[in-house]
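Note that chain A is present in both complexes that follow, paired respectively with chain B and with chain C.
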Partner chain A sequence: MHQTYARAPSLARANGQPILAALSKAGQRRYVLFLLLIAPAFLLRITTAAYPILQTIYLSFTNLNLIKNTNEFIGLQNYVAVFHDYGVREALSFTIMLVVSATILELGIGMLVALLLNAAFVGRGFARTINLIPWAIPTIVAGYTFRWLLDDQFGLIPYWLNLLSGARMVAFIDPVSARIAVILVHVWKDAPFMAIIFLAGLQGVPQDLYEAARVDGANVWHRFWHITLPLVMPLTITMGLFRVVWSLGSFDLVYGLTQGGPGVATSVLALQVFREGIMFFKFGFASTISVVLLVVVAIVGAIGLWLFRRSEVSY
Partner chain B sequence: MKRTYSRREFLGMAGAVAAGSVLAASTPVTALASQLQAAPAARRQAPAVLTPRKVRIAVGGWAEQNMKDLLARTNFTKETGIEVEVVLRTDTKETELTRLASAVQAGTSPYDVIDFEDELTTSFSRAGYVIGLDDLLPPDFWDDFPPEMIAYSQTWSTYKGETFRIIHNWEMPYWWYRKDWFDARGIPVPTTWEEVKPLGKVFTDETKGVWASVDGLIKGAFLNVYLAWITLQAGGNPFDVGPEYKMALEYIYDLMYTSKVLNPASLQKDYNQQNADYIADRVAFMRQWPFFGDVARSPENKDWFSEDKVAVALPPAGPGGKAGSTYAAAWGFGIIKTSPNLAEAKELLKFLVSKEIAVEAMKVGFWFLSARKSVLAAAPQDNWLVKQLKMYTDAGVIGVRPFHPRFVEALTILEDTAAAYLTHQISLDESLKQAKERLAQLEEE
Partner chain C sequence: MVNRARISRPWSRRWSSSAVYVSFLFFTFIVLLPVYWMVRSSLAPAADLIKIPLVYFPTPTLRNFITLVEQVPFLDYVRNSLVFALATTLVTLVVSFLAAYAFARIRFPGSSIIMWTLVLSMALPDVGTIVPLYRILSSLRLLDTIAGITLVLSSALAPFTVWVLVSFIKQVPYEIEEAAIIDGASLWQIFGRILVPVTKPALVTMGLINFINAWNNLLYPLSFTTSPSSKTLSVSITEVFAGYSPWGKPWELIMAVGVTMTVPMVILVLFSQRAIVRGLTGGAIK
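Here is the complex of A and B:
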């Protein structure tokens, strides 16, 4: 049975006439109703999303500082200063490093865990439940907890490493080990969530595809590579994109774990926004860093959408 | 029976409802406006009602009960007729600054009087959020303060010649040491920087995780405290990034990596971790704020505690001489400019900072202990904290805390650059260059 849908009024001008004039009476009424019905949602989005973004962009061209009571338009000065700022430059590089490496590891480990949790074994329900515990812990709590777990005197992890190798580990006084520690804690925290999402994806893969492949002689690896992976690829890209965007905007783990140190080795852009905006009240400069962050998110989002379109499969 | 409405009817009804809502919403405004116009007449006719005078004071959670006890004990409300509400301020200065900034911008304030720390004093006074207090003080007010506290107040509580905060809590990092360990080895307490260096060989055993000293130097104002402490001992202010600051950084580096006195892992520790190291018998001596004395004496550490384990000596003097061996930090009272109860707030502040009430406050709790003459004289002389405060005051080792007008931003710059040097990310020269450039930039803004 064919279902017909009323056509939405075209926004284009018809024969050079204004839209409303070009429509019949009934069409005009339908158009007004259409505007009335979308108005609440449109207003909501304008006030909660578009306005803050536009205001942030505007503020990025000012020297608004609540402590110094300045609020003047200063053109591109903040943008010049941002790229000359040692802290912001280092934060930008570690932000990209953290987001890319943590997301790849989370996707990989999440997939492996999901494959395990999808297998049939006794206690599977329990395993699926405890898998989510790290994700359920508030991030700031996880940050402080790992600061103790990595403490050179009382930390469980340095203690184990000491038993295994005899070396005494001091994670956060070396920039490389501090960065690795932050990335791994990030992965520990978020990979379980990825696993649950992938598990849902895996359960949606039709079993008859696997059976047909088995009949054709495909081994486990072939089945994963040619059936599982392509079918969960859109989900992988969507989740990867979400993780990237969420990670770019968060700083609670870094704040709890290292405060961005040693030096600025583990500082991230969101932490810089917090420091400049909330600690120093330099709203103009903090807005500029936010705009840089917004551009990074937009680029990553565009790449993600492009990949998503390429990965669509049909069966 | 179900009735269907045509689109015309639906739109008509929706319009009527919307018009009705607008009219209904505007009615109270109109009514309110006429009420306001009629108000003076009504006030003339109404019997006089005495509105109770009220004031709100914001204190940290740790001082709430002390403040309530003090107000009850001194009968402030009975004597003045002003009811005082003790409210809690947030523990972190950033959050409090955010809260107050938005309130002041809106012309109001969640409290009238606040108990606040050094960092907030700098921000509040320069932003114009607090009022000058000099007119509220009697002429002989400062006679009750020792020169160290006056010098401190002039630096930290004063802006453009006006006092914005009256301090009641004045405490400094002490030099804690394991007297039992020193006595067992027959070693005297070090009195100079040079005497500290050989102690690495005496106490440090890296394989056992034991170090001569430890500190809490994680970023977020912890590292800055130590940088300021050591630079003051070198005779300078770290925010000047002068030769004394360079000397201080070299000395800290030496303590960490050459003399092996100071555990480099200090750079990842906060004060709780530092205290835990000390109480786990991993440290021979350390610089720490007085709260460590309470931690060490708490019931959960009673099996470990003995007076020999938490002895206090004067800090080793640096090249700057003993007068700047340590510094004090303070908390004090101020009044918010946009306070809704300004007159009452002034009365409360005058009351709290008076000599008699300052002494009563100290009796209620040591949160109100300082080296103010009347307070220190009335304090129980056998108390460990009072003894320590008196020892440091009498020895004349308390310098003025290194100051910067944009303290929070400046300390972040020093922490970033110093930590990068102390963790081998940049050279000493590069660290100093970056600190200097970024601080200069701060002054230009």
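Here is the complex of A and C:
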């Protein structure tokens, strides 16, 4: 062990960082150490992520069903069925609709909130603290709370709307208003997270860039567009992408807010996987929906990476 | 501090201060309205929730919480949620810290590819693996156990945790370890006496974030637990919602579970705002 380490410092000094010659004996022992250290994490990921994903792909070609007790290889039949399944088609289109509209709104509103949280005013500390509350509230709880807040009989928002305009608001009976409700609650829950990311970016923008731009006669809007935005973009895209991908794979919000209803108007792919797989034990069919979801995630991820590469700037 | 004040000046100068305060009030209203509604409904007698005009400030009572304790194994659920969240936090931190150290300190051609394979695996949607996981947990006899959902969620949280910890460990000057190595310290001494104390802020940050994620997690407990000995609060709220009272949904009880789940999270946020923000931005703010 000592020998292993004794080699490291001299090389570290030579290179300015701890890189070892690959073929030295000490180097080999470092490889062993490396493998031992990453082993627990990789063991977990292989057993609960890599292997299951491969199994999901395999199962998507079978009719494994715990209720009907079938388990045969049926080729592409599930894929044909998935695209004829009304629930899955609606869920696919709403998943895309939700991701696109919620992300755009969250970026816009998140930026406005970040500008507010970055302004100097009495109460800024309070504002920064409560900004974290929507993020910290369990999504399922947020879903139920908004469902009750929007309740057509005793909910606060329909009640106020009725007092103000006399209109009767029925949020969850009509597919369009139910979808709008899901999108807006999603924005309430996630825009503060985006604001935190933007705020971090705003605080990292070197002040002299603004000074220089001001000297050159750039107005507020120009400074925002040409300095602030390009500099906060890489961080936003990275963290925003994690967040978007994470939310593609979860159904907590719709599970609490609408349970996918009315009908399947607000169902998302993740909810369909859960229903078909865990509630109805149609393992094969559920796996096929999972593969569709994987493809959506891959497309979103690819777009994100492309944006990230375009947005990298240095200063 | 000085620096931040200077950065905010160009914006604050343009915004008239009244506009700032109006947006501050609007922001506070939007953020806190659901919180008010939840707390108000959880503390109200059931009959007060179905009155028009609405009762904005009902006489507070803990009746709904007592009902929960009497009618569902509520305290078991609280305990399960705590055990699940703490165990997940611990497992995730230990596993991630070891891997992060390897990635930050032992570099060779290809080591970063191994790291990115691990980190990018967080893009795999959790729900996409529940069917195989159900079968794996079943064959390991871990279905319907807290240990089972702990392992599965720790694995899901590890990639992000590793990613953040790597960037923190890289900021620790290597010279400290170098000196320890020359003095003949073992790997565990380096971990215990140098790296853990030095990266403590990062560990606290990721501990908090993982605790919150685990406490809030619905997917795995809902999919893999069925008995009161392992079900969590997040599952119990869906079950209370599925129940009916003569007036419709028992909103006073649903909101009481909601408050029970939310209060610990809000307390954590109030006391550790900075630490959490540091982690959420991947270590971008120091």
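Rule of thumb we're sticking to: the second predicted complex is superposed on the first by the 268 of 315 C-alpha atoms of A that agree within 3 Å, B and C clash if a C-alpha of one lies under 4 Å from a C-alpha of the other, contacts with A are read in each partner's own complex, and residues count from 1 in each chain.
Convention: contacts are C-beta pairs under 8 Å (C-beta built on N, C-alpha and C of every residue); 3 or more make two chains touch, one makes a residue touch a chain.
Only a predicted model underlies this, so the values are computations on that prediction, with no experimental measurement involved.
Of the two partner chains placed around the shared chain by superposition, neither chain B nor chain C is touched by A:Phe61. Contact with neither chain B nor chain C is seen for A:Phe94 once the two complexes are overlaid on the shared chain. By the document's definition of touching, of the two partners only chain B reaches A:Gly260; chain C does not.
Residue contacts after overlaying the shared chain place A:Trp148 against chain B and chain C alike. By the document's definition of touching, both partners, chain B and chain C, reach A:Leu33. Legend: residue contacts after superposition of the two complexes on their common chain; A:Asn69 is shown touching chain B, with no touch to chain C.
By the document's definition of touching, of the two partners only chain C reaches A:Val113; chain B does not. Shared-chain residue A:Ile278: touches chain B and chain C both. Ranking chain B and chain C by residues of chain A touched puts C first.
In the overlay built on the shared chain, the residue A:Ile173 is in contact with chain B alone; chain C does not reach it. The interface of chain A with chain B overlaps its interface with chain C at residues 33, 148, 151, 153-154, 278. Of all residues in chain A, only 1-2, 5-6, 8-9, 12, 17-20, 22, 27, 30-31, 33-34, 37-38, 40-42, 44-45, 47-53, 55-56, 59, 112-113, 115-116, 118-121, 123, 126-142, 144-146, 148-149, 151, 153-154, 156, 159, 188, 192-193, 196-197, 200-205, 207, 210, 214, 220, 223, 235, 238-239, 242, 245-246, 248-252, 255-256, 270, 273-274, 277-278, 283, 286-287, 290-291, 293-294, 297, 301 touch chain C in the complex they form. Note for the complex: chain A touches chain B at residues 29, 33, 63, 65-69, 86-87, 147-148, 150-154, 168, 170-175, 258-265, 275, 278-281.
Of all residues in chain C, those touching chain A in their complex are 3-12, 14-15, 17, 20-21, 23-24, 27-28, 30-35, 37-38, 41, 49-52, 54, 94-96, 98-99, 101-103, 105-109, 111, 114, 118, 121-136, 151-152, 154-156, 158-160, 162, 174, 178, 181-182, 184, 186-187, 212, 215-216, 218-219, 222-223, 234, 237-238, 241, 249, 251, 254-255, 257-258, 261-262, 265-266, 268-270, 273, 276-277, 280-282, 284-285. Those residues of chain B whose C-beta lies close enough to touch chain A in the complex are 7, 11, 94, 97-98, 101, 105, 123, 126-128, 206-207, 209, 218-220, 263-265, 267-270, 273, 276-277, 280, 282, 406, 408-409, 412, 415-417, 419-426, 434, 438, 445.
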